[in-house]
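Chains: A, B, C, D and E, in written order; residue numbering restarts at 1 for each.
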Amino acid sequence: MIHLLLPFALAAVLAGSGVYGVLSRRNAVLMLVGVELILASASLILVTMSTTLPDDAAAGQILTIFVITLAAAEVTLALGIILAAFRLRGHIDLTERLDDDAAHAPVDDRTDGRVTS
Amino acid sequence: MSVLEIVLRSVAVLVCFMVLPLVLGQAEHKVMAHMQGRLGPMEAGGFHGWAQLIADGVKFAQKEDVVPRAADKPVFGLAPAVSMFSYLLALVAIPFTPSTVAGDLPASLVYVLAVSGIGTIATLMAGFGSGNKYAMLGAFRSAAQLVSYEVPLILACASFAMAAGSLSIGGIVHAWHPIWLLWQLPGAIVLLIAATAELQRPPFDMPVADSEVVMGAMTEYTGLRFALFLLSEYAGIVVMSALFAALYLGGWNGPFDGALGFVWMLLKTAAVAFVVLWVRMSWPRLREDQLQRFAWFFLVPLALFQLALTAAGVIYTA
Amino acid sequence: MNSGLLGYLVVLGVTLGGVGLFTAAMVVRRVLAPRAPSGAKLATYESGVDPSGGDWQQSGFRYVAYAFLYVVFAVDAVYLFPWALVLRTSGLGVASVVEMGIFILVLLVGLAHAARRGVLSWL
Amino acid sequence: MKISFDALALAPAVVPMVGALLVLLVDVVLPGRARLPWVLAVLACLGGLGALVAGAVTGGHGTSLCDASGGCYWQADQTGVGLQGLALASAAVVAVLALAEKTSDVPGTKGHTAVRAMLVLAATAGCVGVVAARDLASWLVLIELATIPSVALVALRGGRQAAHGALTLLVTALVSFAVLALGAAVWFAATGTASMTGDQVLDAFADPARKPLVVLAMMLVIAGVGFKLSLAPFHAWTPEAFEGSGSWVAAFLATTSKVGALGGMLVVLRAASSLGSSALTALAVVAALSMTVGNVMAWRQDGPLRFMAWSTVAQAGWVVLPMTVVAGGSVTAAAAYLALYTIGTLAVFVVLAALEDARSREHETTIGDLRGLFRTRPMMAATLALGLLALAGLPPSIIGVVAKIVALKPVVAGGVWWLVVIALLNAVLGVAVYLRWIAAMFAPVATPAPENDDVSDEAAAVAALSGDEPELTPLPRPKKVYGVLAALVSLAVVTTSLAPNVLLALF
Amino acid sequence: MSLVLLAAVAVPLGVGAALMAGDRLGRPVGHTGAWAVAMLASVVTLAACVAAVVTDAHIDKPWVPGLGMRLHLATDGISAPLVILAAAVTLLAVAVSSRQRPKGTPGLFYGCLLVVLGGAVAAFSVRDAVAFFIAFEVVLVPMWVLIDRFGDAAADRRRAGWMFVLYTVGGSMFMLAGILLLVVSAGTSDLERLAGGAAAALPFPIAMTAGVLLTLGLAVKVPLIGVHSWLPWAHTAAPTAGSMLLAAVLLKLGTYGFIRLVVLPLPVAWRTIAPVIAVLAVVGIVVGGLVCLVERDLKRLVAWSSIAHMGFVMLALAAGQQIGLQAALYGNIAHGVISALLFAVVGALEARRGAVDVDEPMVGLRNSDPRLGFALVVGTAAAIGLPGLAGFWGEILALFAAWGAPHRPGALFHVLTAVAAFGAVLAAAYGVRVLRAVWAGERSPEAADAALGTSDGATPASTAGEHAEASAPVATERVVGLEWLAIGVLVAAVFVLGLAPTLLMNVADADLLRLLGGLK
């Protein structure tokens, strides 16, 4: 079963680092990366099981493709929103409340038009 | 299958990766020169300057290697390697005869498309790592162009795969029939144009337009690192030409293909590569927005039309 | 060992070879290339004039729209390849053509909408 | 492989989806129409409802996409049909609210109308579909189809607050999707099938070696859906998202989305009728926590959207309450409670939207603005009161009482006494929470401060004794359509109160 | 004749809702119009109730099959007096309000009164445990509106309203849990079948849990001491009509619930719970009496005396057996009549004088308004438990039942009976205190000392306006017309109940015997 242990170990590592990333990152993009890691872990499990189980309908693989598709859709949306939030708030820190935005002047207010972060 | 065989196959791929682009580069020099009424390189190596590119390589190696102060050094340093890998790995799955293929992968078409996408990352890494406005802008343009043209490229490839009912390039060549030259023509046009754009060859070289953004993402690169970018670009021409030859022109199919299969494949690849060079000489550069519109409003619908055509054809004949 | 796995082993071998190649090239560069850094050389290149600001500048970020469009289309293209394989299967082919037709139609509507909203127009 | 296909069974989900496409197409052909997309959206929702009714009348099985072995990938049983109808009806109301909104007043919405209508329809289709999905793949896709457009809806409102709300909601959506995907993967690994019904799932439950894996999958899925259902401790996005999104989007998040989420949860839980008690205890803890946190926080809110957000959290606890025990009626009980919640919440949101319409947009409505509503806009006030009382579970909204009884009954029968006690305490707390808003409507308009108004009460009393009420600031009349909606929702509350079976029989 | 019963429930609810709606949708309904409509509706309701009781009407239709709940309405000996009491007292409360006008919009006021009546009639006549709960809840919001909107601002009506709502809802939630447990484990929600043994067979732990939950919930409504603190607030703040309904209708819901849901269906559990209830009841009697000795606000004093009286009722219930239940039912009705009378009198007094402080010097009622004074005397005497008046039989029977209660810890009940008897003495003491101050106008010695400095006789009132009103000529203070008629009817009822107790007791006898068949 060595060929099962390896993918599962990898999946566990991926999921673990993903969860860590989600929990510890305050930056929205980095959190997104964490989510992607978890998804990768899920896909890995699905593909692995699809090869070992009698999966005549190829359900595991189809599910993987669906997960990838959904992840793509989520990412598209996520980046759009993160971009909008960055434009409007001047930061994409998830832990800060709306009231704290004063600390980060919106981008448009900068006289030199520079974005620092 | 022994370790030895694997090593041999790997070395063969590496050799191809080193040699074929050089041949192509030399050919470009000569072809371009002749089209412009010049002779091109004549000195290096004696006969018609055959060693010109080797000499270029040596020259690159001896050039001073400048890493700008503003650069993000690890990213900057790794970008050429990543760029190199995209087409190096793609080369593995290109078949020359039914048996002459370095790595016989089950879904080699998907594999080739997948690994050739790595190039986008390399370009972005180069642009970001250089710490240069031109580079950054160029990288954005590159990335936008690469992703835009990847869509028609993939759609066109899907059409071929559908026509053959196989995802392996070898399988597609196997299922090839001369009639494809006719009913896969729209797909072939899309494939050729999209491939040229993927390679950022003229007329799709806006991202590296030297009059606007110097060399785009490669502005800050010198010496061997720059050479690696060039190497991968020419390797890319080889891979894309080979892909086109295999998918549309029937690869090793031809008279006496039992013995001469790989010759046919090489000839067809060379012919496609020549077209790519030829286009460079003949067409002016497209503006960035024209380039995007062309992709989304011409190539993508055309590719989708081809898909519909193929599906109908397959259903009709099945 | 099946041939599929062998193919991937070659990929692995080529990868290692590529790493070796790159390392070798870098060593050669280290050995052969002269090094004489100076302030002017290490400065960011901006057509010969002094660089203004860093590279992290605000600029029109319209490229992001292409990225989004790409994600939509490229990921959906994933479904085309499995379809390519089942198209000849009896009993599934015609139905799959209809389904794919709907699928692609949806994508086209999206594309048309995006175009209408000016996502793809410059400025 | 031969797959049967019943178009009528699929229609409730397909019609809104086609409507979404149509909206986009129409926008391509006739751009810039402010109302047309929403008209189409309303029609699409009603069309879906019509298909549902047609299916019920013709006695369809609600199943489709069945393979030769008899397993179906699409299965809308009676509870499912009820939930689908609920989702479609609430989406229709939301679409009408959106139609009535003064788009010109809302910053950043210019040109987004078609997109927003499309998003509403797409999310509705997802909500409708997930109820009937019986395999992991379509379940996952549909529940995300229900989620992703809602995030975009919030973001498209424009402005900093919307961006903040959307970001919060986005994080939740992402995390919940990741957790769901992981859960689906583990589910597949444990059962070896993507089907959510059938023998293989039962086998996996029966197999002691695989059972822990199934339970793990179940927990992950419940956690993932818990985010979407805004159950504590996965609720944190709710107030931010509601506040950032404006009233009708919030209404959508609070009603249609919730129906979809609960539908998704029911599908999973139904598959796991033999789930271990530990998992159910976890669900019970979640339910208790949601109620308590939601009520306590709702008590402190003065803004209506935040108030409704916390109210949603609390009500979500009630919705899952009956599902914490394995009993025959628990699924229908949860669905019935959800129906009540949807009706009550819609009533509140219709009135909030009407008030927003009547007042100027810049003016943030607070609890203080409700003062004197019973005098100035009795119809609206009555609707709001009926809605709030339904949520609180007090007559005259008898349906609220009945729903609470229905929800509590399985728990009492199951003998989970600690949960019963917490639920009952929360029912008391809920009465305080909702009556506070009703009390505000009774108060005279004279002074703005909502708290120490005894002085003004005296003044009002004196005025009343002398024969007339204090002069009221005239509230501009909201559009007619709000009146119609309010009347409809009130009618729903009253009808179901007089004959609760009208509602209960749906599930 | 089932229509009559349905009308008894639907007429007040419908007319009430219509009054509220009509008040809001158009121009506010004038006081006279609203009053006339309410009067008419309550007369019709009373007539319908009487007719329903006489014809023994009943309705049994499926209502919510999902819950097994039926629309089952009927009256029997236990509920019939309560139904009629509720309708009659509401009618009188409406009548009283013709003079004591509500401070607010009349439509809402009378609408709420009628809805309370409808809810109460429904609660007394339903034969389904779950439906009982729902009907029980119906009265909540209108009563809250009565307190919160029409209450006395000086008495902090807002707080009173909140306390009323939260206590009642809290109690009813426990009751709900108990009902659900009862229904789920007995398999039926029909009260007849529950009382007829369906619940008696339950295993003891379940019966006990249900019993405790129900007791906890209903105790709030009664109220028993410990969960009583909402009552003085609510009574003080509520308008007169509200207080009358609260005392004569709402509190009865609690004791009625006890009989229907605990005592009859769960005899075994009740046997265990009863001693605790009895202790609480007696504590209530004593504490209520003691508080009445020092309480200065007359309305609040009456409210506290209510707690004491309900203590007697609960003691009788705790004693169990036919005699105990008989006493409880009788005490219930008697208390309803007496406290309605007292609140009407106090309300009439307050409407003219402002809040009545027992310790402040005031014009004696015997001088200012002898008829009202007479009513006060009768009411107070009845509350004390004077023989020949309504209060006597309830108390004496309760003590009797408690002394001889079988299946109860004898020593405890003997002690409790003794203490309760002492409570009755306390009642006499505070009764005399009230009569001396209010009726006779005699000052308590301390108050007299305090008042020496001020000018004679004038009432101390909180506001200048009330002062002016209070010191107006005595003649205008008289209670006349309908208000007097209402009070007079109550006075008469006190006499009738006191002189011919068997009238009432016979009504309940047969049904009690039947239902107690299972109760040993």
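Simple rule for what comes next: contacts are C-beta pairs under 8 Å (C-beta built on N, C-alpha and C of every residue); 3 or more make two chains touch, one makes a residue touch a chain.
Composition by chain, UniProt nomenclature: A = NADH-quinone oxidoreductase subunit K; B = NADH-quinone oxidoreductase subunit H; C = NADH-quinone oxidoreductase subunit; D = NADH/ubiquinone/plastoquinone; E = NADH-quinone oxidoreductase subunit M.
Quantities reported herein were computed from a predicted structural model and do not represent experimental measurements.
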| item | value |
| --- | --- |
| Each chain counted as touching subunit A and subunit E at once | D |
Connected chain clusters in the absence of subunit C: A, D, E | B
| item | value |
| --- | --- |
| For subunit B and subunit C, chains touching each | none |
| Innermost chain, where centres are averages of C-alpha coordinates | D |
| Per Cα centroids, the chain farthest from subunit C | E |
| Selected interface, D-E versus A-C, where C-beta contact pairs are more numerous | D-E |
| Most widely separated chain from subunit D, with each centre as the mean of CA atoms | B |
| CA centroid of subunit A to CA centroid of subunit C, Å | 19 |
| Mean-CA-position distance for subunit D and subunit B (Å) | 53 |
| Gap in Å, rounded to a whole number, between the CA centres of subunit D and subunit C | 40 |
| Per-residue overlap in subunit B, given as positions that touch at least 2 other chains | none |
| In subunit C, residues with contacts to at least two other chains | 57, 67 |
| Chain pairs that touch, as defined at the top of this document | A-C, A-D, B-C, C-D, D-E |
| Footprint of subunit A on subunit D - complex, ascending | 135-137, 140-141, 144, 148, 151-152, 155, 159-161, 163-164, 166-168, 170-171, 173-175, 177-179, 181-182, 184-186, 188-189, 192-194, 240 |
| Residue ranges of subunit D touching subunit E (in the complex, touch as defined) | 332, 336, 374-375, 378-379, 381-382, 389, 394-396, 398, 401-402, 404-406, 408-409, 412-413, 417, 420-421, 424-425, 427-428, 431-432, 435, 439, 442, 454, 457-458, 460-461, 464-465, 469, 499-501, 504-505 |
| Interfacial residue positions of subunit E with respect to subunit D in the complex | 17, 21, 24-25, 28, 63-67, 101, 103-105, 115, 119, 130, 133-134, 137-138, 140-141, 144-145, 148-149, 153, 156, 158, 161-162, 165-166, 169-170, 173-174, 176-177, 180-181, 183-185, 209 |
| Touch list for subunit A against partner subunit C, complex | 65, 68-69, 72-73, 75-76, 79-80, 83, 107, 113-116 |
| In the complex with subunit C, residue positions of subunit B that touch it | 1, 6-7, 9-11, 13-14, 61-70, 80-81, 84-85, 88-89, 91-93, 102-110, 130-137, 140-141, 143-144, 147-148, 150-151, 154-155, 158, 161-162, 165-167, 214, 219-220, 223-225, 228, 288-289, 292-293, 296-297, 300-301, 304, 307-308, 311-312, 314-315, 318 |
